[in-house]
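Order of writing sets the chain letters: A, B, C, D and E. Residues in each chain are counted from 1.
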Amino acid sequence: MAVTEIRPTTDALLKTDAPKKPANMGQIIRWTLLFLGGVAMVMPIAYMISTSLKWPHEVYNLKLIPDEPHLENYTYVLEDGRFYWWFLNSMIIAVITTVCNVIFDSLVGYTLCKFRFPGRYIVFIAILSTLMIPTEMLVIPWYLMSQQFGWLDTYWGIMFPGLMTAFGTFLMKQFFETVPDDFIEAARIDGLNELQIWWTVAMPLVKPALAALAIFVFLGNWTAFIWPLIVTNSVEMYTLPVGLSSFGDEADVAWELIMTGAAISTIPTLIVFLIFQRYIIQGVVMAGLKG
Amino acid sequence: MADLAIRNLVKRYDKTEVLHGISLDVEDGEFVVFVGPSGCGKSTTLRLIAGLEDATQGEIVIGGRVVNNLEPKDRDIAMVFQNYAIYPHMTVRKNIGFGLRTAKMSKADKEARIDEVAGILGMTDLLARKPSQLSGGQRQRVAIGRAMVRDPAVFLFDEPLSNLDAQLRTQMRLEIKKLHQRVGNTIIFVTHDQVEAMTMADRIVIMKDGHIQQVGTPAEVYHKPANTFVAGFIGAPSMNMLSGSVSQGKLRLGSGTMLDLGLDMAEGRAVTVGVRPEDLHPGDGPALVRGPVTVREPLGHETLIYVGAEGQEVIAKADGRTPPEVGQEVTLTAAVETLHIFDAATGDALR
Amino acid sequence: MADLAIRNLVKRYDKTEVLHGISLDVEDGEFVVFVGPSGCGKSTTLRLIAGLEDATQGEIVIGGRVVNNLEPKDRDIAMVFQNYAIYPHMTVRKNIGFGLRTAKMSKADKEARIDEVAGILGMTDLLARKPSQLSGGQRQRVAIGRAMVRDPAVFLFDEPLSNLDAQLRTQMRLEIKKLHQRVGNTIIFVTHDQVEAMTMADRIVIMKDGHIQQVGTPAEVYHKPANTFVAGFIGAPSMNMLSGSVSQGKLRLGSGTMLDLGLDMAEGRAVTVGVRPEDLHPGDGPALVRGPVTVREPLGHETLIYVGAEGQEVIAKADGRTPPEVGQEVTLTAAVETLHIFDAATGDALR
Amino acid sequence: MYRNLTIRQKQIVWAWAFLAIPILFYTVIRFYPTGNAILISFQDWNLLGDRTWTGFDNYQTLFADPVFWKVFRNTFVYLLIGTPVSLIISFVIAYHLDQVRFMHGFLRMLYFLPFMTSAVAMAWVWRWFYQPVPVGLFNNALASMGIPQFPFLQSTTWALPSVLAPAVWAGLGFQVIIFMAGLRAIPRSYYEAARIDGVSWWTVLWEITLPLLKPTIVFIVVFSSIGFLRIFDHVFNMTTNNPGGPLNSTKPLVLMIYETAFSAFDMGYAAAQTVVLFLVLLVVSLIQLRILRDS
Amino acid sequence: VEIEYWQYFFDTRVEAMETLIENFEAANPDITVKMTHFPYADYRTKVAAAIPAGEGPDVVQLFYGWLNDYVAADLIQPLPSDVFPASKIDAEFFPMVQAMKEGDQYWALPTAVRSLALFYNTRLLEEAGVEPPTTLDEMIAAAKAMTKRDGAGNLTQVGMTAGMTAQDHHWWREGLVRQFGGEPYVDDYQTVNYNNEAGLEALNFYSSLFMGDDAVTSIGFMDEPQAAFKAGRAGLHIDGSFRIGSLEGQRGLNWGVTELPATADGTQSNYASYWVNAITTKAEGEKYDAAVKFMEYITGDEAMQVWLDVVGELPAKPSVGMTDENASDPVFGPFIRGLEYAHTTKFANESGQRQVMVEMVERMTLQGMSAEDSLAIAAEAEQKILDDYYKSASN
């Protein structure tokens, strides 16, 4: 018997007062509001793209749809040979830094989580305390150091301050809490050394976490500005943000070009996000954020 | 009135139908246990009754009211979850009191009710603690307390004991049983452990793949299983299944033994003969099975012996003190009235 | 040579001592089960043997070698964990092969070895699967396979079955037992389930609070428990403990019954009388206990009855078909030779 | 030699071997420069000349400088408005987003996008939005409705909130994701139990969801506080010509540090400011951890 | 030998310098010059971080206002007096270059200089029917005529741009204060001297542009003054010669330049600034010799003309700049003529001193403070910056 036949004929139904959930209406309103909110969120980004399609004289005319949309800015930026260098530099730096963070942050997180040894707590606190040190405090000493060791204007010079981060270490330590000790002990019995255990057993088990960490580190490095600016000398070594800012000059800032560059430079981060996004939540859930 | 009825209940998730129209009547005060293998639809049924999911078709009637369209809170039920669902950030008192938040009672009455329930469960001393300071059994009790405090017409339990260790499980099942005897509310209890089902239920509902296989008292399902599935599912170790066929009005087994069961069946019909390990023992009666002992499992007062015969292995019970040795050839026999006969094709009980 | 000995093993974590100097000799090929309540130190002992932790004092000898300072991989042992510890990101083949990673074998030999082990465990078809595609029992088999593949002198199992449901547990314990009969390696098996201990062990080691209480065959510990702890721990439901005292060379129970056990003990000495539920049943013999039935638990072929008497509750077994009703007054009796007598103060067995 | 170590000793050796490079890194790249900066804070150094030891002079100057106190106040205003506001908005979004199935991934991306785009470019877009007519988006809207102009960045009162808004906006996506993860981790049965108990969604929110989200909230509060205490990019880019807004009304500590170091080249003074910032960060984080973790 | 040259990045500057380097290398085959450039916004940070670290160029381009720091820190060396005799430079270069001189040695020399002038939007002037103004009064009148408001009284077009954050602080200091009879600084720019009648008049004049009922502009109109002018929404705009390049590319904008307006009695005053080239202390031996040769070349007549042609910046020598052709150029002419009566502020901390001006105005617009009070506070604040600077520089 189908439901539709039962319902009207059942006296009992008449006694039930609660009308069938109007939840769907609520859902629609909720969705609409979220959608509008999302649209509002991306408005500035829409303007970024809109500006990138404008001629210079239109930049200060805040119309979303340019009068004469054109792609000249893109052609200009892309034909400017330097742009490829900057893009490549940023890519190399962001990728290497990300890989380094993924490796070292997780190695440290793993060690702090799975080994019991004297000094463990002190090391953890010490690393965590670096979160409190403002980068501004370190720029000058870093520069002097780079100069002394000849790291100026090199990839290494751009990368070294960010190769390991306390944030990543903290996150990875949380992630590794979710890996049962049994897995590690089983591998120990099977005769792997500690390095092999970490790499072949523990790391694959926290893949979502690694993906989440990778996204955060990649984003951070992709948009880093002050330090790359200070440590690079030659145009060929600029990273994308530094290069973009050189589209301005003493007299004027070429907003349409900067916005164009910014729009282009959002593409890789967007791709990275789209590839890894399902891991982000999963990864952060894993961390359990136990504080 | 707290009787409960489900009629032709169908539940579909997208395209997969997980309940294929089940019906059941539960009397006021009855303790009904749903049992069945994982994924058979026990939890789904319970969640439909609770109102946590909508039924695709069919009716749920509690105390004479069709409740299909009522919110869970209006159904006069309470539920205890497998992971207890007690809130880690609240004290035991608050957890238990949570069920009373919407009750129209004075604050003092609520407190009194909480104390009463805590008293019944023997948790008065623990009321100020947080769940993290409780043992598994105590947490389970808190979960039950939260359900009890509302004095619902029907209690629903979804595998409430499966997170506990064996010893505690035994103890808690006794406590729930006693509680039921005391408060007398209707209880629907889901488990996949047949021992739990047998020991607690007034009636057992055995499910498989979204169908009800049999409904009956523990004794009924044990002694008169409706089909091979029920026969194999209830009782541990499982019932031994031997294949046989009807020959000249008698039953011919693989061992060659002919049994006269007084059956009136077509010549040559294939049947399955079921015999429980506890009914099967080494002895001199008609040989149901003959073969060497492959393994012995001493249980103390008796010993399980595994006997290999005709490509299968049967389990029998032998005396605890002088069981046959491993490798020894034995003949296993059982009283004829303890044998169960099923249709070999459909699995339905013939006797 | 794969005999194993532990001598005066002490383990201390910071200030708490969890093993107080235990000693044990295990013969080559023996199947020894450690059993005891949670927290008694079973896992700790196993982990010391495996080399996952350092012994604070004492020696561990495997095959005649003191192994205290050897790393796990050099101890010629393999271990199976409670949650199997099989890697979700590897196929079954890789998981099983994991134990061979460091072995000095050609690749082909390794493959052959994996296939052989998979064959023994009946998993040849599953080698390409990932653990998430396996059932609980199959996962357990993979874990065993990974241990087997290295052909260690000693297998260590830490509660390998406790994550399985009852039915599977029964089946797996049989498989492990058979495996042992086939391969013959020494096995140390930890569990807190006494049924597992009883059915699998050649010898059982019963632990409590970091001390060994008794070491013996299943029959020994069941029939001749060394103390009340062992008596209560082995056998389910637990042995009933009645208090009594010696009076005129006889034993006087709370029910007033006097039993002549032929004991030669000081007048007035307080003793504890143990009687197993399976030995205790309604009947006409000397009344050990008298009281009303409070709960019935039908198990199918028999029924447990709980009888309240003198402020305690005893469990007895009654017939499965015609058990006494709840509330009915019953007299419980047992054969004199099934009674266990313990010192009331120390708990040690007197007979 | 290694062979004779006990198991535990071997573990310790491994642990320190694993930590060797990172410890070296943190020492050289973080702690040594920190020490260096603290040292500089007691010196007078204009980057070009010699360093001269001046004791506590820099600190004395700092505490006597009214601009510093203004900036100090601003920094805390950023913290005290930014953290709760971003926390509440991101929670509300995450809470609702979590319950939406239709085009969930797309909506989530909309909210996360700002986190991925260049802060510099975005700060400028916002800056344009805030302009008076005829440029500004907001004021044009007001004007078209006949409402008087709102002096966003040109007011000593409103400049700071106006600068804060894009900073909150940019970080929202990250917080939403973290909150969604937190929400996802709460077992469904908690909600089902509450449904059976019939409590209102409000009670569920206050008494179940929020308390269970506490670890997530602690995490977000601590990290977003650190972020707001170190706010720079947005302020700097939205007020480039007049760094720190009208009469320093938006200037945060980091901007003051930046100016002292790279406009006035008074390194000692700048270092003293970084030390103060460091202490502020430390104290605020510790207080938050304590308050939020207990209770 | 290879020497390194640093300047900030700007298309035409880089292009001009490439031409110069090419010519120079052709003439001196044994020397190669490597040019490095950085974004303008961060050039100062970059140079400041690099040079003390011993990194960086042999010849560096610096803003003239930074020179004191570099001298004090011993980072640049004086130009050899045999090649750059002070007397000859005094005679040949515009007089403001003498700020680079200490004793009879020059520390640095510019290739080109800049001054301020009044840009006007031809179309708007025509619409309002006014001529390009030559005096301050005319300027106010013209600006009034071009100011437009919407129904609510919001400015939609301004007669003139204003904003201390841009070039106005130079105009106020060296232009208005002097034109109203004052002298902004005394003691070689070590003492503030505008907190007086002249300063007050200058401030009152300046603030009348954007305060009061008949304001002709507002601060922050269209965010930045040059943006408003570029967008054709401002009639008049005071800016430096470096703006020319970016205005030239602006579509739909017709503009002209005229000299900064004079007072009614014809007093004129202007502000000039320049970027100088200096040899760092890093250059030694043959690098030093090469650096000297390079310096000599890039401060010579040929370089100046190239610079004017390519970059649009004014030659630092009257002999090159004040040619008839240049001085009567409709675009460069007003700037070049302005150089004759231009002054150069010796900054201790340019951005800090500019900020004082910005805040002086903000106190009036945002807090309603009187001009006297605000001026006094500003004078005090700027004096403090100068004091701190010269105090620490002296020890």
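Definition applied: a residue touches a chain if its C-beta (ideal position, glycine included) is under 8 Å from a C-beta of that chain, and two chains touch if they have at least 3 such contacts.
In UniProt terms the chains read A = sn-glycerol-3-phosphate transport system permease protein UgpE; B, C = Sugar ABC transporter ATP-binding protein; D = Sugar ABC transporter permease.
Remember, predicted model here, so these are calculated numbers, not experimental data.
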When each step joins two chains that touch, the fewest steps from chain D to chain E total 1
By Cα-centroid distance to the whole-protein Cα centroid, the innermost chain is A
Larger contact count among C-D and B-D belongs to B-D
Note: chain E sits from chain C at a C-alpha centroid distance in Å of 92
Chain centres from averaged Cα atoms put chain A and chain E apart, in whole Å, by 42
The distance between the C-alpha centres of chain A and chain D, rounded to whole Å, is 16
Chain A residues touching 2+ other chains are 60-61, 140, 245
Residues in chain C with touches to at least two other chains are numbered 51-52, 71-72
Shared-interface residues of chain E (touching two or more other chains) are 45, 49, 222-223
Per the touch rule above, chain B residues touching chain D in the complex are 50-52, 71-74, 77-79, 81-83, 85, 87-90, 98-99, 101-102, 146, 150
Per the touch rule above, chain E residues touching chain D in the complex are 44-45, 48-49, 51-52, 69-70, 72-75, 150, 152, 154-156, 163, 165-166, 218-224, 233, 349, 351-352, 355, 358-359, 362-363, 366-367, 392
Per the touch rule above, chain A residues touching chain E in the complex are 55-57, 60-61, 140, 143-144, 147, 152, 229-230, 233-235, 242, 245-246, 248-252
Contacts from chain E onto chain A in the complex sit at residues 8-11, 36-42, 45-46, 49-50, 53-55, 222-223, 226-227, 230-231, 242-243, 245-246, 249-253
Interface with chain D, chain A side, in the complex: residues 27, 30-31, 33-35, 37-39, 41-42, 44-45, 47-48, 51, 60-62, 104, 107-108, 110-111, 115-118, 120, 123, 126-127, 129-142, 145, 160-161, 163-164, 167, 169, 194-195, 198, 219, 223, 225, 241, 244-245, 255, 258-259, 262, 265-266, 269-270, 273-274, 277, 280-285, 287-291
